[in-house]
Each structure stands twice: as C-alpha cells, then as structure tokens.
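Below you'll find a set of structures to go through.
Each of the two complexes below includes subunit A, the first together with subunit B, the second together with subunit C.
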Partner chain A sequence: MLAYTVRRILVSVPVLIVSTFVVFLVVINSGDPVANFATSRQPAPSKAAVAAFARHIHADQPAVERYWNWITGVLHGDFGPSVQTNLNIGHDLFTRFRVTVTLVAASIVIALIMAVIFGVFSAIRQYSVADYVITFLGFLFLAMPVFWFAVLLKQAGIWFNQQTGSQFLGTIGEKSPYLDVDTTWNEFTDHIGHLVLPTITLALVSFASWTRYTRASMLEVLNSDYIRLARAKGLRRGKVLVRHALRTALIPLTTVTALDIAIVLGGAVITETIFQWHGMGEMLVQSAQTVDVYRTMAWLLLSAVVVIGFNLVADLLYAVLDPRIRYD
Partner chain B sequence: MRVQRSALTRGLTLAAGLTLVLAACSSGGGSGGSGNGKGDSAGLASCGTQGKANTCNSGATKAGGTFTYTLEKNIQQWNVQDANGNTFENGEALGVVLPEVFVPKPDFSVTLNTDLVTSVTQTSTSPQTLVYKIDPKASWNDGTPITADDFVYYWRTNDGKDCPPPPASDASQTKGCLPQSTAGYDRIKSVTGSDGGKTVTVVMAKPFSDWKQLFGAGYPLYPAHVAEKLSGAKAGDAAHMTAAQMTQAWQYFQKTPPSKYATAGPYKMQDWTDNDHATFVPDPKWWGKTKPSLDRLIFKVITDATQEPTALRNNEVQGIYPQPEVDLVNQIKSIPKVTYTIGNGLNWEHFDLNLHNPVIGKYKPLRQAMFTAINIKDIVSKTVGQFDPKVKQLGSHNYVPGQAGYQDLVAGTGQGSGDLAKAKKYLTDAKFTGVGTALKTPDGKAVGPFNCRYTTGNQIRQSECQILQSNLASLGIKVTIKPIGAADLGTVLVGHQYDIIVFAWVASPFPSANAQQNWVTGGGGNYGGYSNKTVDQLVTQAVGETDQSKAASLLNQADKIMVDDAYVLPLYQKPTFLAVQTRFVNMRDNATNVGPPYNTAEWGLKK
Partner chain C sequence: MTDIEAPGSAGTGLPRADHEFTVRHRTQTQLVLRRFVRHRAAMVSLVVFVLIVLWAFIGPHLWHYSYQKYTADNSQAPSWKHPFGTNASGYDAYAQVMRGTQTSLEVAILIALGSTVVGAVWGAVAGFYRGVVDAVMMRIADLVLTLPLFAIALVISSRSGGAWYWIAVVIAGLTWAYVSRVVRSAVLSLREKEFVEAARALGASDAWIIFRHLLPNALGPIIVNATVLVATGILTETALSFVGFGVQPPDTSLGLLVSQAQTAVDTRPWLFYIPGFFIIAIALTINFIGDGLRDAFDPRQQRVRQ
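Up next, the complex of A and B:
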C-alpha cells in the first residue's frame, strides 16, 4: 500500500505541472491587469506608475519565463506577486483555506452522518411513508438553488434573533468584530452562532445528493445473494445490515464524497459570498475579476492538490472497505 | 473604482428581493415594517434638500455605543498617497486617524480642517505663496507636535522628483515612490517652517489653481517623525531625507496599518483584522473641538453589497453605503428604525465616442446627430429613475450641480434630447444620405454598424446601450451591443476596442486636474483620442489659474467647445445611497473621495 501511495503521489506531479501550465496560459491571456490598473483609478496613474505595475506583476516577461519563475518560486514558498501590490499570496491562500475548512468541516460531518442514517433507513424501509418523505426532502434540497436557500435561512435567522431578542445567529463573517463581554465562552458561542446558518446550508445540499447514493447503493446490496445467504444462515438483522451490507454500500459513497469534499474545499463560492466568509471561493472570484494571475494559480494549485489528495484517500479507503481490493 | 456586480450578485439580489416578497406575504400584508410607517425617515431624508447636505441628520449625542460601518473592499495597502493604495476604502479608514488640511464636504465644497490648521492664506499670487498656521495644540498621539516637517515630508515624497519611481532594473518595484498624483506638488518651489514649525510657507514655482487639494482632500498627512526614525534620517529634517530613506518610509506606510504608528485623529485604530474589520476607539490625545462620543467605531468588510441590508436588519452593522439598486433600496425601506438617503454622487455616467474610428472621428455633424438622437430622459426613466425620480440629465463634463462652477452647457444644444428632427437636420445639412434608413457619408460610405460596449452583468448599462441602439436606428445607424468581460474594461479603453462605450467617471471637488487628464490631447483618461488645441490651451490655463472663479470660467469655455465637438455625452450623476439606524446621528452622505466618514468625531448615539 505504501509503494502504491508513493507511486500515486509521483504520478500526480506531472499532472500538476501540465494542468497548471495550461491554466497559466489561459489565465494570462484572459485579460490585461495593466490596462485595468491604468483605467480603474482617478486620477489615472502616471505612465511611470503603470510601467512599474507591469514590471511588478511580471507582465513584461514572456509566458514561459513567467511560468518557470512561478513554479520555481512556489517550490521556495513564493507564490508570486499579486495585482494587489501588498498582498502576500501564500499567506492569503492558507488563511482562506483555513476559513473554508472551518466553514465546511462541520457541514461535511453532519451531511455524511445524516446521509448514511437516512439513506440506509430509506433503503430498508423502501416504499414506506418515511422513504417517500426522505426521498422528497432529498430532491427538494437538490432542486433548491443554494443562493435562494441560503437567503431564506438568513431571513429565518434574523427572525429567530428578533423573536428571542438575542444576537445569537450571525449572518456575516465567522465571528463578531467585538463582544460586549469578552470571555472564552462568549467567543465560543459567538463562533457557533456564525457557523449555524452556513453549516445548515452546506450540509443540507450535500446531504441531499449523498443520501440518494446511500439509498441506491444500499438497495443494491440488500438485494444481493450474499445478503440473502447471510440472512438464511440466521445472522441477526442488525449484524447483516451493518457488517455485511453497509460496509459494501459505503464504497460508492466514498468516491462521491471524496470528490465532493475536494471541490467544496476549493471554495463554496455562493455560501461564502452570502455569509461573507472570506474563504477560497471569494479568492477565486476576486482573482478572476481582477485578472490576478498568480493568485488564481495559487488557488488552482491548492485545489488541485486537494482533489488529487482526496482521490488518493478514496482509493485507499476502498482497500479498507473492500477486502478484495489490495494495492501492491 | 467599484467592482462591477456579477451575475452571481444579481442572482443574490433577486433571491433577497423575492424572499422579502414572501416575508411580506407571510406576515399578512403589513405596511412593510418601517419603524415610522414610511421609508424615507426624518434623519437623512432632508439631505437632498438644497443647502442641507452638510447639516442634515444632525443631533446631540450621548456617550457610549458602537457603530459599525461597512467597507466594500479589504484594505491591502495602507498608503493612500500611493498609486496602488489610492482606493476609496483606504481613504475612508485613514481619514479617521490621519489629519488633512482641507476636507471635501457632502455639498462638494472643501472646508478648512481647523483642528489641524487654524488658517491658510494665499499671501501672494506671483509667486503663488500659501501660508498655513498649524494649531499649536496639534500633535501626533505619541506627543510629537505636527509641524512643517510633516508638510515637507509630504511634499518631497509626492513631487515625483525627490523620491522618484522605482527604476526598471528593480525587479521588486519597491525602490521608489509612486504617488497617486504629483499634481500641484511638482509645482512647489519650497516648503519652509517658522514659529517653531507651526507656520508653514509654501512657495509655488508655477501657480496651481487647485491648491486646496494640497496636503489633504482625502490624502492625509503621514507622520514625518515616524518616517525619519524608521529610515535612520535625522529627526525633524525631512528636507534632507534621501530618496532611499523616503522609499523605506513609503514602503513602511504601505505595509503597516495605522494601529502600529503614531496617528492624529479623533479616534485611534485599536486593531486591524485583515479582510474582516478595523476597530477604532477614541484617542485620549485628540485635541480637536469635537470629542468622539462613541465607545467604539468599527469598519466591517462586506464585499458583496447585496448582503448589507440583511446585516443591517440583523444589527450586525449600523450603517451601509452601497451602490443603490431597486431591490436593495426596497429592502432597506422595509427595515424598521433605519433612515436612508439617495444622493447625487460625483460619479457620472456617459457615452463616449471613439474618435479613432475613421467615420466617427471625421464627421462632427454625425457625432452631433448621434448625441442629439439619444434620449437621456428615456434612459433615466428606464434605469436609475426607477428608484430615484430626482435624477436628471447632467449638463457639464467638469462639474456637477451644487458645485460653484456648474453650468448646464449641454441641454441648450439639444444633445441628449432625443430630438430626431434636429438630429436628422445635422445629417442632411452635411449631405449625408440614407437618413432614417441606411445612413451613408457624403462620399457614399456606409455609416456603421457601430458597437456599443458595456461591462457585462451591468443591467443598467445594458439598457442604456439598448436605448441608444433604438435611438440611432431612427437615423439609419445600426448598432450592435457587445458586452465587455468584467475585468476587461481597461483593455477595451486603452486598446480603443469600441465605437461607443458607456461607463462612469468620478468628478472631483478639484476639476482642473481631471480635465487635464480626460480632455487634453494625449491625457491619461482621453481614451477616445479627442484633440482640440483651444481646449488644450484653456484647460492648461485653468490648471495654472490662482483665482478659482476664473479657473471655472476657463473650464466652462473649454467645455462649450467640447460639447460642440460631441465627443462625450454626459448622461446623469450616479445616485449614492447611505442608510443608518435612526438611533445614531450626524452621519451624512458624502459622495466625494472621503465618503461618509468625513466627520466620524461627530457620529454618536442620539441623545
């Protein structure tokens, strides 16, 4: 398994290089940040300032040279200059990644637990009222646009605050700028209060699709011969469901969740925007809007690493979940 | 300077609007929830009344309270004098803690900041000489007095000569100063101190009409003694700082939030959390006449304007200053105990013609006809007029109504009237053929099709192009509408990749410098290639005129010629929008570059 892991990591290096180079070419040709700088301020910057800006962001260098300088810089921890001249892209990247992880971690755990519980329940009670209700809710959350749902939740949160005369639920940011009584407990509850609404938003959306996968997979397994055999042998229902059925049913869910988690760690753009969490999603949007080449590349690099990493984790989990799979 | 709103943002706005509709339905069709039963409540409502801009929403304050105001962008660079740090949000935050000589007011006038300088006198016009008397009590909060040395440091870092831009060989582009503008500072001959540094005498080598913008007007003073200390220069001797020393200080002020060095404002910055908020608390060392009454002032970063109304409703912020939209204004109207005002800003929307286009550039009657056929009243009623019925056609390229120099030079010409008969007459008189069907030049060449370009996602500008398209079709000119990528406006302008374009400029309390940039041959903002020797001469003369009314007269003379040349058609002033909770007073819409925080010392809880 170790050799397999190392091999997979090594294979991902050329994948990263090729993908970043292609995207680099696309990004540097997608707009002209120097022209934007020259025209977006009043008074318009002097010619010297425009020339200095162009040199600062390396816009005066050929594409291949720029890419080479960037990739070698990254190896030394330098992610290159931003169009925001004082911005340290590396620091910005990891700060925002922490924000996004904070935002999505709880929602992923909640969504996974709910998806497994409701998916399994739905499968073993197929065509029951409960199954229909769970199926309806699943499709409802799948069909509901996140920006609509999140805005509704914010309004509900404000209503809750007004009814309780409190300021418990926050609608912007990860915490309040200040607390009247600054204790550790108050800080903790303030942070939780800001997490509730975005967590529900993200969790219900992920839950909706994952619960469908779990149900479908579980149904397939429950109708397989080896489960019938296990039951025929007189094994207890609970043991059959958990040890024999669920373990097998989780395999497809592992692939889906691993990919979904990787994508959401690249930024839950809409949720971050609505709840004003300054995470990876906002970084991508801002970088694209300002043609910030090196900031876009930093985002891409980290997102690619996360995707590759979670794919690897999913593959390794196969081996854990399915005894027939062994990597040499 | 504001980022164009994306499709995502518009989606969010729509969702918020629809949610409010649902909320209204579910509450049994109430009045909308305004605390006093009507949206435009007493506080800011009178700000639109003539003569009230500087005094509306006034009131006595009581001690205590926290006021959270929104910033729509993070502050990444803290040197607002720098070309890169010159952002609206940076100016708003620094204005709270750093002093400036003249302050732009809500009515677009500029008034002397008498807390810093008790008087400024122009003692001579040849050479132009200005004498500033610094308040004897004025000092930085580390106890160092504010003196002429601070003015000398400001001048030398901003004149473009003593601290020159970084050389091309500097890979990091950090070894030099890049001021946002050298205008005025490059004309100064000397800055000297007397009376223990409390009198500053500025002698100009060449006269400068907008001298009130020197050492302030949104670009405050930085502490020279801090610059001297960190760069190893002799204390109190900014006059002899080397370029390297000034560069070092320039860089320091770029990277360092003002919580880390001595400041001189009613508040001091207690902390800055990057990408989130700045906290200001009253500075006990503040010597000014008005002491802050708030316990705390917070500037919170909210990068999506559509989230501001919910934050205001949830009492997470108490004041917002977003670009108004119909949905946003309606949301604010439904929030109880919130007062708001829609003002006329300094940003003005306009159609520009690209004179590099051989047909457009060659035929003045064609341009005049095009501008006359455009119906601005129609444009306004179908766009910003939906939430602000007060918006009117703008009649000047240099001033906005309310400024002393404003004259409506456009309406009399018929431009923007939609008068098709007059427009067609321009063309027939100039021997154009196919008027109203398929327009051709006198020498038989087809006119158009032209493109009308706007920033993608901007619904208002899209509508403006559509109305123009319809207006010009009546003359026989085909127009295609071509959006510009959100980040590509600069590329399109600099590369002249348009025939007609709609965007906005920011007028200024100091219009001469803007005029020089936008209308003079080869000026930095003259993207369409306009060139008229008389205009060049008049504008240059205005920049060097020490008498403000003469300078305005010169600019208006130039403007008359420009209007006749039909290069840029002003449409209207873009509305601004300030909303604050009614329990606070003294916040006002200030559409200049300093924004509403121009008077934070006065902000407070209503008594």
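Up next, the complex of A and C:
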C-alpha cells in the first residue's frame, strides 16, 4: 500500500508537469498583457517603459524557457511576477486558499450527507411517491444554473435578515468588514453566518448527481444475492441496510466525489463572485481580466494539485473500503 | 398489441395451420424510435424543446420589437404589449429573451456537435488501432480531462471578444475528451465482431471500417452523450456569460440576461426569473430526452420501468 502510494505520487509528477506546460502555453497565448499596458494607460508609457514592463513579466522570453523559469521558481516558493506591482502571488494564493477551502470543504460534506440520505431513501422506497419527488428534484437541480440559484438564495438571505431584524446571514464577503464586539465567539458566528448561503449554493452543484448515483448504486446492491441471503438468515432489515448494503453501495461514491472536484472548484468561482468573497474565485476572475499570466497559473497549478490529490486519495480509500481491491 | 398477430385472426387472411405467431419485421432504427416514443417524459420534453427552438429562431422575425432597439416604455411589468416586461433602459424583454435563447442554443448545439465529431473520431481511431496509437491518443484525452473546464474556458474566452462561435469552440475543445472515452470503449468491443472481420476480408480500408462499420454501430452512446453535452454546454455558456467572460453586449445570452437582472430581483423580478426559467427548461428537457434515448438504445439499462 505504501509502495503503491509512493509510486502513484511519483507518477503524478510528470502528469502535473505536462499538464501545466500545456496550460501554460494556452494561458500565455490567451491575451497580451504588454499591449494592455501600452494602450490602457494615460499618458501612454514610453517605449522604454513598455519594454521594461515586458521584461518584468518575462513576456520577452521564449515559451519553453519561460515555463522552465516559472516551474523552478515555484519549487523555490516564487510564483513569478504579477502585472500588478507589489502583489506577491504566493501570499495572495494562500490567503485566498484559506478562504475558499472552508467553503469547498463544507459544501462537499453537506452535499455528500444529503446525497446519501436522499439517495438511500429513494432506493429503499423505489417507485414510491417520495422516490419520484426526489428523482424529479434531482433532475431539476441538475438543470438549474448555479448562478441563478445563488442570486435567489442571496435575496432569500436578505429577506430573512429583514424579517428577523438580525444580521446573521451574511450575503456579502466571507466575513464582516468590522465587528461590534471583537470576541472569538462573535467572529465564529459571523464566519458561520457568512458561510451558510454560499455553502448551500455550492453543495447544490454536486448534490443532485451524487444523489442519483447513490440511488443507482444502492439499488444494484439491494438486488444482489448476498443481501437476499442476509435477510433470509433472519437479520433485521435496518441492520442489513446499514451494515451490509450501505457499506458496499458507498464505495463507488468516493470515486465520483473525487472526479467531480474540478466541477466543484468551477462552481466555487461562480459562488464566490455572487457572494463577493475574496477567495480563489475572485483571484481567477481578476487575473483573467488583467491577463495576469502567473497569477492565473498559480490558480491552475493549485487546482491541478487538488484534483490529482483527490484522485489519489479516492483510489487509496477504494482499497481501504473494498477488501477485494489490493494494490501492491 | 398490434405487433404480434395471432394466427388466423382477422386481416391476416392466412390459414391457421401454416401461420405461427409472427412478429412484424422492424429495423434497428424503428425499434429505437418505438421505444423512445413510448417514453412519456422524453416525448413531452422533446415537444417542449422543439417548441422552444422554433420560438427562439422564428419568433424574432414575427415579433414587432427588436432585441437591440429601445422602446418608449422602461421598467414595465409584463403586459400584452411587452409579455416579459421591459428593462430599465426600455429594451423589450420578450425580444431579448428570444435572442438570448437563440444565442445560448446556438452555442450549446455547436459545443455538442463539435465535441461529438472530434471525440467520436478520436475515440474510434484510438480504439481501432490500439497499441501505441491508442496509448498516445488516450493520454492526450486524459490530459484534457484533468483540465478544470470552467476555469480554463474562463481564461481563454477572456480574449474571445464575445463571439458566440468562439465560446463554443473553447468549450468544445475541453469536452470532446469525454466523448472520445465513451466511443473508444464501444469501439474496443465492436472491432472484435465478425462483421469487421468480414469487411476486412472483403478488402475494406481502415477508414472505411471506422466510418462505415464502427462509428454507425456506436451511434447509440454517441447520441446519448451529445444530448448530455447540450445540457452541459448551455449551463457552461450561461455561467461564463454571467461572470462576464461569455457573450458580450450588445449581443445577449440567457446567462447575460440573468446577470444584468441580478440586482433587480426585487424591483423587476420578471427580468430575472424568465431567462432563468428558460435555462432550466432547456437543460431539463434535454436531460429527459437524453434519458429516453439511453433507454431506447439500450433497453437493458432501463431507468424508468414502464
């Protein structure tokens, strides 16, 4: 198992290098920050200033050399120069990562819990009214654009605050700009209040497809022989469901969760934009607007590491959960 | 049931003795169509979807307001004159939603077509030749699959200048890999079938076998995937336009319309809800059609029992 883990991590390294190289080529060709610099400033900068700017952001280097300088720099903790002077990309990235990670983690946990509850319920009551309602809601949520639902939730949050006369549900930002009483408890509730609506929004991105997945996999298990045997031996229904069926049915869900992590990260960009969080979503949008190559690359590199890491963890979990699978 | 005729029953005109139970001959396509037509949710969805398409593409020619002309009325609630109301600058929302639906559908359909054609050929070639070709081609597909669709699309399309076909090309360039994997796995089993051997014995070229024998037989999963891609496409395009990296004004899309109305949910709710409902309606009907097609092509994997 340990050998497998080490081998998988070693294999991920070339994948990461090739993938980031391709992305790097795409990103440096997706816009021209030097032209932006030369045309968008008043008064127009001198030729020398433009050339200095190009040198500063490494736009004068050939692509391969530029990539090499960037990737070796990253290994030394230097994420490269931003088009915004005085912006340390590494610092920016990790500050924002801390903001986003709470949102993503909370919403994945909530989506998984809801998906398991609804999916299992739907499977054991197959073709009941509840099953049809859950299936229909699943289809509806799959078809619902995240941004539309997010705006609705934001409105609902504002309405809730007006009705209760409280400020509990935060609709702007990841925390209040200032707090009345600066205690740990206030800070904590403020944080939770700001987390509620974005978390629900982001959980919805994956909740629907995970529910359908749980239902399908639970149905398959429930119709298998060993469940019939367990019931025939006289085990109680509840025990069979939890100990025998659910355990097996949930194994494939780990893979699906890992594969969907990129979709969740994309959803986080939209969610953060609507709730005006200063997280990684805002970072990506800003760097695309300003054609900030290294800031974009920092974002994409971190997301690639997260995606590869999730896939690795899912594969390892698979072996832990399913005794038939052994990696040597 | 009319498809099984009892021997000697009225209309067959055959004597009882030499006529066993017969089943009318049907081609594969007829079987698939029959199964699809019986799928109620899929049929209703197909009708609704076709109506939306017709409305979006023919409607603007019949409607007396243009999506890019101001009217004298601004911020009007829905009325007979403006069925979807007007926005703060006086644009007729009915004309704008028609135009937005049109753009969003064009983008989504181009995404589905583009990535299906590229992905199907890619997957079929990889699966047909196997070996090194397969390994190289599928590693490239895997590489594309690891890219976060929304983030990369956002970065690239920031340069697109809002042309609808460019947005479609960018998204299709990231989604074809899904299709190629599905088609490859179908082709891997098809290439071992006898009819491929027969074709090769008759001297058919590789290209002939791939395009005339393998791809047509993998049409089921290809079409099902294409419908799913229409839904993915419309949701991605509207999300991009919402964040400001998709379709740019003066043109419009459903995502852009929702984005422009997001601060007016309380004051002019019609501007926010109607384009949203159209996105949901299109994605929902497409998903149901895809489900019906999946059941029709592969009755063993039936999801809805009749």
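We take it that the second predicted complex is superposed on the first by the 323 of 328 C-alpha atoms of A that agree within 3 Å, B and C clash if a C-alpha of one lies under 4 Å from a C-alpha of the other, contacts with A are read in each partner's own complex, and residues count from 1 in each chain.
Following the convention adopted for this analysis, a contact is a pair of C-beta atoms (placed from the backbone, for glycine too) under 8 Å apart; a residue touches a chain by one contact, two chains touch by 3 or more.
Since this is a predicted model, take the numbers as computed values, not measurements.
S.K.: Check the residue A:Gln167 against both partner chains and state whether it touches subunit B (first), subunit C (second), both, or neither.
M.R.: So A:Gln167 only meets subunit B here.
S.K.: Tell me the contact category for A:Ser224 with respect to subunit B and subunit C: first, second, both or neither.
M.R.: neither
S.K.: Who does A:Ala304 touch here: subunit B (first), subunit C (second), both, or neither?
M.R.: second
S.K.: In the superposed arrangement, does A:Thr255 touch subunit B (first), subunit C (second), both or neither?
M.R.: A:Thr255 sits against neither subunit B nor subunit C.
S.K.: Using the superposition on chain A described above, determine whether A:Val26 touches subunit B (first), subunit C (second), both, or neither.
M.R.: Only subunit C; A:Val26 stays clear of subunit B.
S.K.: Classify the contacts of A:Asn69 with the two partner chains as first (subunit B alone), second (subunit C alone), both, or neither.
M.R.: neither
S.K.: In the superposed arrangement, does A:Phe53 touch subunit B (first), subunit C (second), both or neither?
M.R.: In the superposition, A:Phe53 contacts subunit B only.
S.K.: What is the contact status of A:Met144 with respect to subunit B (first) and subunit C (second): first, second, both, or neither?
M.R.: So A:Met144 only meets subunit C here.
S.K.: Which holds for A:Thr102: it touches subunit B only (first), subunit C only (second), both, or neither?
M.R.: A:Thr102 contacts neither subunit B nor subunit C.
S.K.: State whether subunit B or subunit C is in contact with more residues of subunit A in the superposed arrangement.
M.R.: Between subunit B and subunit C, the winner on subunit A residue contacts is B.
S.K.: Hey, what residues of subunit A end up touching subunit B and subunit C alike?
M.R.: Residues 30-31, 145, 147-148, 151-152, 155, 269-270, 273-274, 285, 288-289, 291 of subunit A touch both subunit B and subunit C.
S.K.: With touch defined as at the start, can you tell me which subunit B residues reach subunit A in the complex?
M.R.: So the residues of subunit B in touch with subunit A come to 1, 3-4, 6, 8-9, 11-12, 15-16, 18-20, 22-23, 66, 68, 74, 76-78, 83-87, 160, 165-166, 168, 170-173, 176, 178, 180-183, 254-255, 273-277, 279, 296, 298, 300-304, 307, 310-311, 313-317, 485-491, 493-495, 505-506, 508, 513-514, 517, 524-525, 527.
S.K.: What residues on subunit C touch subunit A, complex-wise?
M.R.: That would be residues 143, 146-152, 154-156, 158-159, 231, 235, 238-239, 242-245, 255, 258-259, 262, 265-266, 272, 276, 279-280, 282-284, 286-288, 305 of subunit C.
S.K.: Help me check something: in the complex, which residues belonging to subunit A touch subunit C?
M.R.: Listed in rising order, the residues are 15, 18-19, 22-23, 26-27, 30-31, 127, 139-140, 142-148, 151-152, 155, 262-263, 265-267, 269-270, 273-274, 284-285, 288-289, 291, 296, 299-300, 303-304, 307-308.
S.K.: Mind listing the subunit A positions that touch subunit B in their complex?
M.R.: Residues in contact with subunit B: 30-49, 51-53, 55-56, 84-87, 95, 145, 147-148, 151-152, 154-155, 157-158, 161, 167, 169-173, 176-178, 269-270, 273-276, 278, 282, 285-286, 288-291.
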